[in-house]
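What follows is a pair of complexes built around subunit A, which joins subunit B in one and subunit C in the other.
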Partner chain A sequence: MSAYFIRRFLLIVPTFIGITLLVFAVTRVVPGGPIERMMTAAMISGEQAGARRDTQSGNTLSEEQIQQLEAYYGFDKPILQSYADWLGKVLQFDLGESSRYHDPVWHIIKERFPVSIFYGLTTLIITYLVCIPLGVSKALHHNSWFDNASSAVIFLGYALPSYVVGIALVSLFAAHWDVFPLGGFVSDDYDELNTWNKFKDILYHGTLPLIAYMAGSFAVTTFMMKNALMDNQAADYMRTAAAKGLTRSKAVWRHAFRNSLIPIATSFGGNIAFFMSGSFLIETIFNIDGIGLLGYEAILERDYPVVLGILVITSLLFLIGNIISDFLVALVDPRIRFGEAR
Partner chain B sequence: MSFLLDVRNLRTRIRGEHATHTVVDGVSLQLRPGETLGLVGESGSGKSLTALSLTGLLPKPDVFVDGGAMIFQDQDLRALSPNQFAKLRGDRISMIFQDPMTALNPVHRIGDQIAEVLTVHGRARKPAQQKQRVIELLNSVGIPQPESRFDSYPHELSGGQRQRVMIAMALACEPALLIADEPTTALDVTVQAQILHLIKCLQREHNTALLFITHDLALVSQISDRIAVMYAGQIVETAASSTLFAEPRHPYTRALLASTPSAANGHKQRLPAIPGTVAKPEQYGEYCRFRNRCQHANEHCRTEAVVMDESDSAHPVRCLRWRELAQELAHVD
Partner chain C sequence: MLRLNPVARKRLERFKAIRRGYYSAIILAVLFVLSLGAELIASQRALLVVYEGEWYFPTYGDIIPGETFGFDYRYETDYKALKTRLEANGEGLVIMPPVPYGPLETDLAVGDFPPHAPSLETKHYLGTDTSGRDVLARIIYGFRIALLFSLLLLVFNYLIGVSIGCLMGFWGGSFDLIFQRIIEIWSNVPFLYVIMIVASIVQPGFWTLVAIMVFFGWTGITWYMRTATYKEAARDYVMAARAIGASNSRIVFRHILPNSVSTLITFVPFSVAGGITSLTALDYLGFGLPPPTPSWGELLKQGTENLDSLWMVMSVVVAMTLVLMLVTYIGEAIREAFDPRKFSYYE
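Here is the complex of A and B:
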């Protein structure tokens, strides 16, 4: 088993190289890169300053300047070579410098990451804390009014896109009733608050975005849990459990429950990365400076070092999340024996 | 002469979408301590539902007992609350099922699954004691190296070994009654014989009464003291094993015997099959339910209601014409 996981960890390396090389290559081919942006910027400022344009080339920057910039961004070398340079720096935890802010990418991401970790982790924890018990009770009281009513709410949340939920929440609870703030992650005077008030402040700002994040994610996990438990309740070993003298509730708890966790464990790893990488729509609506918004803006602005930096982190989260999933599945299901010859 | 189990006029019904059907219709059977009763019938005859009724394991609420009495150790099982019934199961009444591949929980160790019976019924409370007892049980059902097998998961065992584990589980509390519902059907023929032998030995050792349910007449003759033949929700004939084979009274029993392959008439002859299919519950009526497949049926069978003829209490039969047929047969001989 441990051999399997070591192999899985080693497989991260080629997978990671594959992902980043592909995106790196794409950034080199698509139009609108940092040099073109810089030329546009220089053109605009040049026009404003009333400077003469270089009539020969039609460019605002001279060939020399362009070559300097290309050398600066490594665009003068072939793709593979500059990719190798970039990868070498990444291995030293150097993600380069943002072409937009001229700050180290690692700094920019580090600044935003706590926000995304907070929302991601909270969403992840609350989703599982709510969905598993909810799915269990829905399975045990299948077709009751509670089951049907909760299904209606969950499906409504699933059917509505998260940004619609977000906009509805903001306009109702922030604009119309003023119960929660319009946006932001913390108040301006956050640093002066004591711990308890800091916690309250985060909660005050976080409630609406969290609801928007979770509205869609409840459906899949809850119904996965409910359906798995209902399938397992009809399983032969449940009849055996009853024949042994277990009451229904004990049989469900001791026998059906663990079997029903197998599909939940399978989807856990994917959810980690999914929640951590944030959602730029929700972050835009609630004016939260998270990874989702940063990534979206970086792509629009062709800020490739930031795009690649975010890619490094999210792809690693995905790869590690998948291994965590495998590990959890092996933990709940003894039939899973990865790659062992029996 | 007191019975361990005395079932009178048991009636079990299934609630369908449009109507409720009676699928076990007036079944009566008696078992003495240590005795073996074979319950034989085709699929759909209601034999498994009879067993599930007796153990309170019917899939509620759509299948339910609707009439009759089930007296076990002077106690009417129908009067028990679900929790009281649960206390009895696995302790005084145990059950083995058909498919050992799915009857065990795949995610728990087999030792723990057996120990759970002891825990539920408050036997051998200390973990060390419990493990000792489970190893004894595994040993008694013929599992090699029981100490190391304790920690095995079901998928690591063969079908036959899993059925042995099921038997160990069923006999852990030394029940007074063991109900085995087609326990060997899913197994290889050689394994079948071993499991049958094992059940028989353990039954003798502990003086357990056994209700053995099967569709296989040849198999049931090897193990049963008495045999009850079931057809379309009713028992049509009950007799001591040897009597049933020597002089079957009901045409259905005769047809069953004739369609059983045996070494004696194995001369590449075509086995006679019973024409038609088992009547469906919605077609049940008060007339003989076998009449449409019976080669001896006449006008009476279609117009007169049939009841169990208990004039010979050792060999009751549910057929209007059994006396005539017996005489006819005697003449032929």
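Here is the complex of A and C:
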């Protein structure tokens, strides 16, 4: 089994190279010369997105930026060679320098990470804390009024993408009724507040984004828990448990519940990666200064070192998250032996 | 009439028995057919003009210049003005569509600056957007584009997925291995992020956007088809077919495909929902279809930039909720029809 996981970790390397090479090539193999493209596209999107951007950054790339880009991508060199140069730098933890801020990319990303992690972890914790008990009680009282009523609400979150939920929340609760702020992570006077007020301030700003973040994963996790438990309740070993005289609650908690956690564990790794890297849609809507918003702005501003840097980090998180998922599955389900009976 | 095999017929009956999903399917089909004739519901062109004893149906076809109806210009007739004129002097009849505005028509005549709030009087039932275009008209046309877009996406994704996946499962060997690696790479690419990068470089039109999204989206179905083909190919009836001398292509097309493709239909509603969702997200972020294409995402963007004008955001949110709920209900019902689980408890 450990051989299997070692192989999985080694396989990260070719997959990672594949992903980054793909995106790298896409930014290069574009008809009309990438730099000119970027310039015209920068002008066009500059006009479209003018309202969102500060006027300082300008609509065209400066001469200096063009030279930087040319040097960065090595446009005089073939794709593979310039990719190899880039990859070589990444291996030394050098993601290059942002063409917008003139700061090392790694610094910029590191600065934004805590915000994304805060929302990611909080969402993850609340989701599992609420969804597992909710799913269990829905399974145990299948078709009761509580089950049906909660299903109706959860179904809405399941059908709607989280960014639509976010937009609806912002326009109703922030703009229309003015209950919550329009966006941001903390208030301007955050540093002067005491601990309790700091906590309140974060909560005040965080409520709406957290609901939006949770809308998607909440429904999936609850239904997963419910369906898994219902499946397991109908399993043969539960009949055995009933036959040997266990009460239903004992049988459920000792046998069915544990087995039902397996599919939840499968989704755990993917969720980690998803929440760590932040959702650029939600961060854009709520104007939260995290990784997602950074990536979105970097694309708009054609800050390719940052775009590629974020891609490096999110794809690594996804790859590692997948392995963590498999590892967790193997941990909770001793029947699964990866790499042996395949 | 299509002859269905007994299993499929049973599934269809089970699907019909799930009332919520069945009615959702009917409602969605009606909405889709209605949207195909959107020009008859929301347009600046009249449905029917009776002028000097002649009947005109301006909705489809070339523009009818204003001269025809006694105006002094040669560009397209302003039917709303014509209606007012003819009603005043009783010379003829103009019947306008229920929403007398086209999706691209800017209406700056009413009062102050757009966006205008919903009003029955001006017949902007859901108000106008920031350029004075009717929200309801744009929602109707946007629905048609979004649905056609996701259906096209679905067809291409499934065509590629089914053929490559089937070959992977049937041939196995190095072909399978190579595509396994490719799929592993593709499925780990952050989908929306990479599409945004591509779309920021190539300003996409409708077909380019379909191509880009197919390019990054075909892997899910491929993986499923590979597994399904593997399972089918190992079954006895395939061996029996081979024993009586059936060719490879016959085995694939007559035996394996019919048996594995039928379950693909359980994915269809969720693919459609996914298509609508991603297109709207891309439009919202400004990387989708080029303006002035009517689109829900673009309307959402305008709405979030003008939060005082709640009608823009709310119209899209309600429309999206409605459509996605219908699609999801259908999806759940199909899934249940294919996999009728009977739950039992032991107490």
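A few comments on the model shown:
The criterion applied here is as follows: the second predicted complex is superposed on the first by the 295 of 342 C-alpha atoms of A that agree within 3 Å, B and C clash if a C-alpha of one lies under 4 Å from a C-alpha of the other, contacts with A are read in each partner's own complex, and residues count from 1 in each chain.
Here is the rule we use: a residue touches a chain if its C-beta (ideal position, glycine included) is under 8 Å from a C-beta of that chain, and two chains touch if they have at least 3 such contacts.
A quick note: this is a predicted structure, and the numbers were derived from the prediction, not measured.
The superposed arrangement places subunit B and subunit C next to each other on subunit A without a clash. In the superposition on chain A, no contact is made by A:125 with either subunit B or subunit C. Applying the stated contact rule after C-alpha superposition, one finds that A:300 touches subunit C and leaves subunit B untouched. If you count the residues of subunit A touched by subunit B and by subunit C, you find the higher number for C. With both structures placed on the common chain, the touch criterion links A:245 to subunit B but leaves subunit C unconnected. Of the two partner chains, subunit B is the only one that A:333 touches; subunit C does not reach it. In the superposition on chain A, A:149 makes contact with neither subunit B nor subunit C. When the two complexes are overlaid on their common chain A, residue A:13 makes contact with neither subunit B nor subunit C. Using the contact criterion defined above for the overlaid structures, shared-chain residue A:179 touches neither subunit B nor subunit C, since it reaches no partner.
The superposed arrangement places subunit B and subunit C with a least CA-CA distance of 5 Å. In the superposition on the C-alpha atoms of chain A, the part of subunit A touched by subunit B in one complex and by subunit C in the other spans residues 239, 241-243, 248.
Those residues of subunit A that touch subunit C in the complex are listed here as 11, 14-15, 18-19, 22-23, 26-27, 30, 34, 37-38, 41, 44-45, 48-49, 51, 142, 155-156, 158-161, 163-164, 167-168, 170-172, 174-176, 182, 230-231, 233-234, 238-239, 241-243, 248, 251, 277, 280-281, 284-285, 295-296, 299-300, 302, 307, 310-311, 314-315, 318-319, 322. Those residues of subunit B that touch subunit A in the complex are listed here as 55, 57, 82-83, 86-91, 94-95, 97, 99, 102-108, 116-117, 120-121, 153, 155, 166, 169-170.
Note for the complex: subunit C touches subunit A at residues 181-182, 184-185, 188-190, 192-194, 196-198, 200-203, 273, 277, 280-281, 284-287, 291, 300, 303-305, 307-308, 310, 313-314, 317, 320-321, 324-325, 327-328, 341-347.
The touching residues of subunit A, counted against subunit B in their complex, run 235-237, 239-248, 250, 254-255, 258-259, 332-335.
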